[in-house]
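In the two complexes below, chain A is the common chain; its partner is chain B in one and chain C in the other.
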Partner chain A sequence: MKRFIGFIKKEFFHIFRDRRSLFILFGMPIAQILLFGFAITNEINNVDIAILDHSKDATTKEIINKISASKYFTIKQMVVREADIASVFKKGQVKAVLNFEKDFSKNLIKDNKATVQIITDATDPNIANTISNYVNAILQKYQKELNKDITIAYQIIPETRMVYNPELKSVYMFVPGVMTIILMLVSAMMTSISITREKELGTMEILLVSPIKPFQVIIGKVFPYIFLSIINAVVIVMLSIFIFNMPVQGSLFLLGIESVLFIISALALGILISTISETQQTAMMISLMGLMLPVILLSGFIFPISSMPEPLQIISHIIPAKWFIIIIKGIMLKGVGIQFIWKETLILLVMTVFFIGLSVKKYKIRLE
Partner chain B sequence: MNNNKVIQVEGLTKMFGDFTAVDAITFDVEKGEIFGFLGANGAGKTTAMKMLIGISKPTSGRATVAGFDVFTNTEDIKKNIGYMSQKFALYDDLTVKENITFFGGIYGLSRKKIKEKSDTLIEELGLKKVANTLVGALPLGWKQKLSFSVSLIHDPKIVFLDEPTGGVDPITRRQFWEMIYKAANQGTTVFVTTHYMDEAEYCDRVSIMVNGKIEALDTPKKLKEQFEAANMNDVFLKLARG
Partner chain C sequence: MKTILYIIQKEFKQIFRNKGMLPIIFILPLLQLVILSNAATFEVKNIKFGYIDNDHTTTSRALVEQFNASTYFDMLTGFPSEALASSAMLKGKVDVVLEIPRYFERDLQKEKHNNLGVTINAIDGAAAGVENVYVTQIVQNFNQHLKVDLLQPSDKQIQPTKIDTIPLFWYNETLNYKTFMVPGILVLLVTMITLFLSGMNIVREKEIGTLEQINVTPIKKSQFIIGKLFPFWVVGMALLTIGLILAKLIFDVPMLGSLLLLYAYTSIYILVILGMGLFISNFTDTQQQAMFIAWFFVVIFILMSGLFTPIESMPKWAQIVTEFNPIKYFVEVIRMVMLKGSGFTDILPLALKTLAYAIVMNGLAVWSYKKTN
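Let's look at the complex of A and B:
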């Protein structure tokens, strides 16, 4: 036990004296959460738009007022001629132009129908889509107000309700993903690098010749990272609660247990990587390519798994991160208990046991 | 068993697939002896040594180190030997003191003992001023000497040195060999591999490996007579050329 404590102490010296690992350990999680939370977002705010109003009557004025009053849009300029629309877009000054037809008010009263064209800059399709949805919503609302007194029979009004994330805040989607990435990065990449570093420097050989047992070496190397990963998980959850006001609906205890399970599976992967790579660089490349990319692309963090082609969907099943994201989304956003996520937890557990078994076997082979 | 023989090797063999890296070597090393283990690169020195220090399983043959069997008792062997590899293998990002404490710790020394050892060691090596300096900042020669002292921290019966003086200046090499002599005088057996043939002259006995076999084994003086050579370098060249 005393040997073990000495070993762990040494490991912490390594970590705290290396600025690079300190940055990856503590700078990265905070930077990522803040980046994803503030900068990378699907929400639109204060989008610049232009208006081409051919009628300039009471109704269009009212609509324009409503649009400019919303926090989503800023009316940047009024376009006078149809021909100017293209140039406005080309200059990149606005993301959308609203084109009200002639005699808007009159048409509305006469035919019960008036047209406004929403032209969006679709170089960024997501934003274009969102803009048109938002404008539509504002128009619908206005229409409802107009029709308040008139009863129309057989009207279908779809009422959408977004549950679990009613404001559609993208930070809700990113926090679980970022947490997964960070835990993977810290646990798998950092451990694999720190183990291969000992190999590269030749100290691993010295350790193997000493009476300390190989599994003690591995546990000693891994232990600090379990500890640091847990701290990271706590920091991420705190940031999301206090900075982004994202509530954790479910049990924090369950969240903690599941996180530790995922951390251990990532650590086992890290050990596995360290057994097959001789240098720190190889370990890093394998971790980045073999672990980080799948986590980012195939875990459902950014791209929904259900809309992937079949083969990729199958591959996504073997990625531990996918299951972890399902689990923590459930706990954080839906507030579910273990009875709803036991299946995912079991899968993760089986994977973890498998990775540990494999890395122990690999490690032994290497010693022969 | 003769108690004076701390290493006894008989027909020790290591095969990697069809390739015989170490081919039935047989030799003894006596207590307090400085035993030079020579050979060209790829002759099988390192493989042989790895079997003796318990990190590689022999294919066949018999060997005991410090009285323990290399097949069954590697754990006991590890407690009784020190090892210094050709790569400088202390932690650069730990201070001199922390390195000593760490290695003392993994050999299971008590805190008091570690403190004692670390004080004498730092004193002897004249490292007092840099005791709390990161090892990475020290010159190579100092590191090498520190590394050797650390490998002796648990007073092992035998210390294995794998090309300990690679890349070190002649003065440091000289000092290094003085340290080896001192350790041998105190009863530690020294098993050393080296490239430098002048260093072979410092050894009590020398074995020369060629293609996995030990082709010569005797005192440097007798080897020179046997091969009618002026120095060990010539002995080695004659042997290596076959």
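Let's look at the complex of A and C:
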């Protein structure tokens, strides 16, 4: 035991001696969470659009005013000819062009009907679709104003209540995601590197011939990183509470336990990576290339999993980050207790045991 | 010149000798391109929908039937009480709950209007907004039918004024997400591979101690750097080529613009990334530090590239930060060239910025590389 404590001490010394890494380790997550928390949003605002007005009358002017008054759009320029639309799009200056037909007002009075085209640059389908919906909503409101004298028979009005996030803040969505990515990558990367480093520098041999048992070597290696990751998690949660005003509806204690579980599963994954790679380079490339995009894309952090094709939904089950994101959102935003998230917790636990078991099996106590 | 060739030869040998690395460099990224491009969709569908019908009349059933018929909503479950519905929402089994009040039909006939309760799980604010639009559309549709069904001859109707909107989706009429995501993800993969490899390269020689051996040889600084970076430039271009072929074969992504233009731009772009990698290499002592820094920047570049979330919606200061994001430029250029067929003059401003970036980055890298300690 005393030997083991000595070994852990050595690991801590290694980490604390490398001031630069330590600074990176704590500084980066903070910088990232602040940057992303403030900057990333999947709302669509201030989209640059252009207008092609063939009639230039009172009605189109009024509609244009309404559109430029909304926070969604900025009218960047006026287009004169239809032929110019393509070149405007090709330069990427605007995302949409509104094309009012000739004699807009006249048609509206004569036939009670007028037409406007919403031409969008659909290379980004999400933005294109949203723009189209927003313009529609503005026009419908205007239409209602025009028709206010006509009472419409039989109206059912849905009264919508947005629960868990009444102000529809993007931060609620992104902070749990960013926290997960940071914990996942930092923990997995740190452990995988620290073990392969000993291999590459040749000091692993020394550890293996020492009387410390192989599993003690592994635990000793991982232990300081559990400690560091917990500090990281605490800092991130504090930032999200105090700076982004994220609520913690559920129990903070439960959140802590679940975070430790997730950290351990990420560290176990790191150990597994280190057992299958010979050099630091390989270990890092696996943990960076192999984990970064799948964790960002398949965890439900940005893209809703339920909209993905069936095979990808199945693949997403093996991403530990997915389960952790469900857990944090549950605890922080919905305020649920363990009875609602025991299944997710159990899955994480099983994954952790699996990673550890596999790495014990793969762990070689002899060098080739 | 001959010296450079030897260094290049050495570097290529080192890349191809490491059998563990080869699949990571070439297969892993392409696998991700093929699989992950399917994941990135903002479409909201398969919405888990539940309802509480307190009325049990033909009208209420007809309304529920409207939701059932919609392709957006799935897994229709009826809940006997509000408590059960909200517990299901806590468990994440349902995301939208419609509550039809008692005497819904009777009140509708009497008062001609009525309210419906809709509860939406809004943790994903953007998706909740879309779900709300769907619900409203379905209810409005239902209203139209009601008018036809319940209208009495005495209710004379005045023709309301109507503004017709015709949405036209240029360059991507079917709003196919894959044509949008595949080029973007390809950019990410090319960037990650070249940055990580070049970032680790020199620092690795430092850590192992072989850099000193090279430093005492008569190789010049510039020769050394060119020799070190050229192989990764080739790797980046090769990845782009395979990626473009896969994009065409598997996803049928259009290539409207000039391939030559895209390659010309990419050759400048990769220089930016390599310069960045070299710069990181020079300022770190261990591969671990180098990778952490590279990781830090890559995550920022990816999430602030406009690929997943719109740049226009970011606060002003963040938009200024994105001006320093090379991935943002490449994502824009590759989409402009492939999907819109933009020409040389269209991408010129972006290309010039990239070129300036490449010059500054490589200048800094060469300046900070010291042969002697």
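In this section, the second predicted complex is superposed on the first by the 253 of 368 C-alpha atoms of A that agree within 3 Å, B and C clash if a C-alpha of one lies under 4 Å from a C-alpha of the other, contacts with A are read in each partner's own complex, and residues count from 1 in each chain.
Please note the rule applied: a contact is a pair of C-beta atoms (placed from the backbone, for glycine too) under 8 Å apart; a residue touches a chain by one contact, two chains touch by 3 or more.
Here the structure is a predicted model, which means the values were calculated and not measured.
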item	value
First, second, both or neither for A:2, with chain B first and chain C second	first
Partner chain(s) touched by A:189 [first = chain B, second = chain C, both, neither]	second
Contacts of A:65 with chain B and chain C, given as first, second, both or neither	neither
Touching partner for A:203 - first (chain B), second (chain C), both, neither	first
Which of chain B and chain C A:18 touches, first, second, both or neither	both
Chain B versus chain C as contact partner of A:211, first or second or both or neither	first
Which of chain B and chain C A:249 touches, first, second, both or neither	neither
Chain touching more of chain A, residue-wise (chain B, chain C)	C
Common interface positions of chain A, toward chain B and toward chain C	18
Interfacial residue positions of chain B with respect to chain A in the complex	53-57, 75, 78-79, 81, 83, 85-94, 98, 101-103, 105-108, 134, 160
Parts of chain A lying in touch with chain B, wherever the complex brings them together	2-3, 6-7, 9-10, 13-14, 17-18, 201-203, 205-212, 367-368
Chain C-touching residues of chain A, taken from the complex the two chains share	18, 20-21, 24-25, 28, 31-32, 35-36, 38-48, 89-92, 108, 112-129, 132-133, 135-136, 139, 142-143, 146-147, 150, 152-170, 172-173, 181, 185, 189, 193-194, 197, 200, 277-282, 284-286, 288-290, 292-294, 296-298, 302-304, 306-309, 312, 315-316, 326, 329-330, 333-334, 336, 340
Residue ranges of chain C in contact with chain A within the complex	18, 20-21, 24-25, 28-29, 32, 35-36, 38-48, 63, 89-92, 108, 112-129, 132-133, 135-136, 139, 142-143, 146-147, 150-151, 155, 157-173, 175-177, 179-180, 185, 188-189, 192-193, 196, 200, 204, 208, 284-289, 291-296, 298-300, 302-304, 308-310, 312-315, 318, 321, 332, 335-336, 339-343, 346
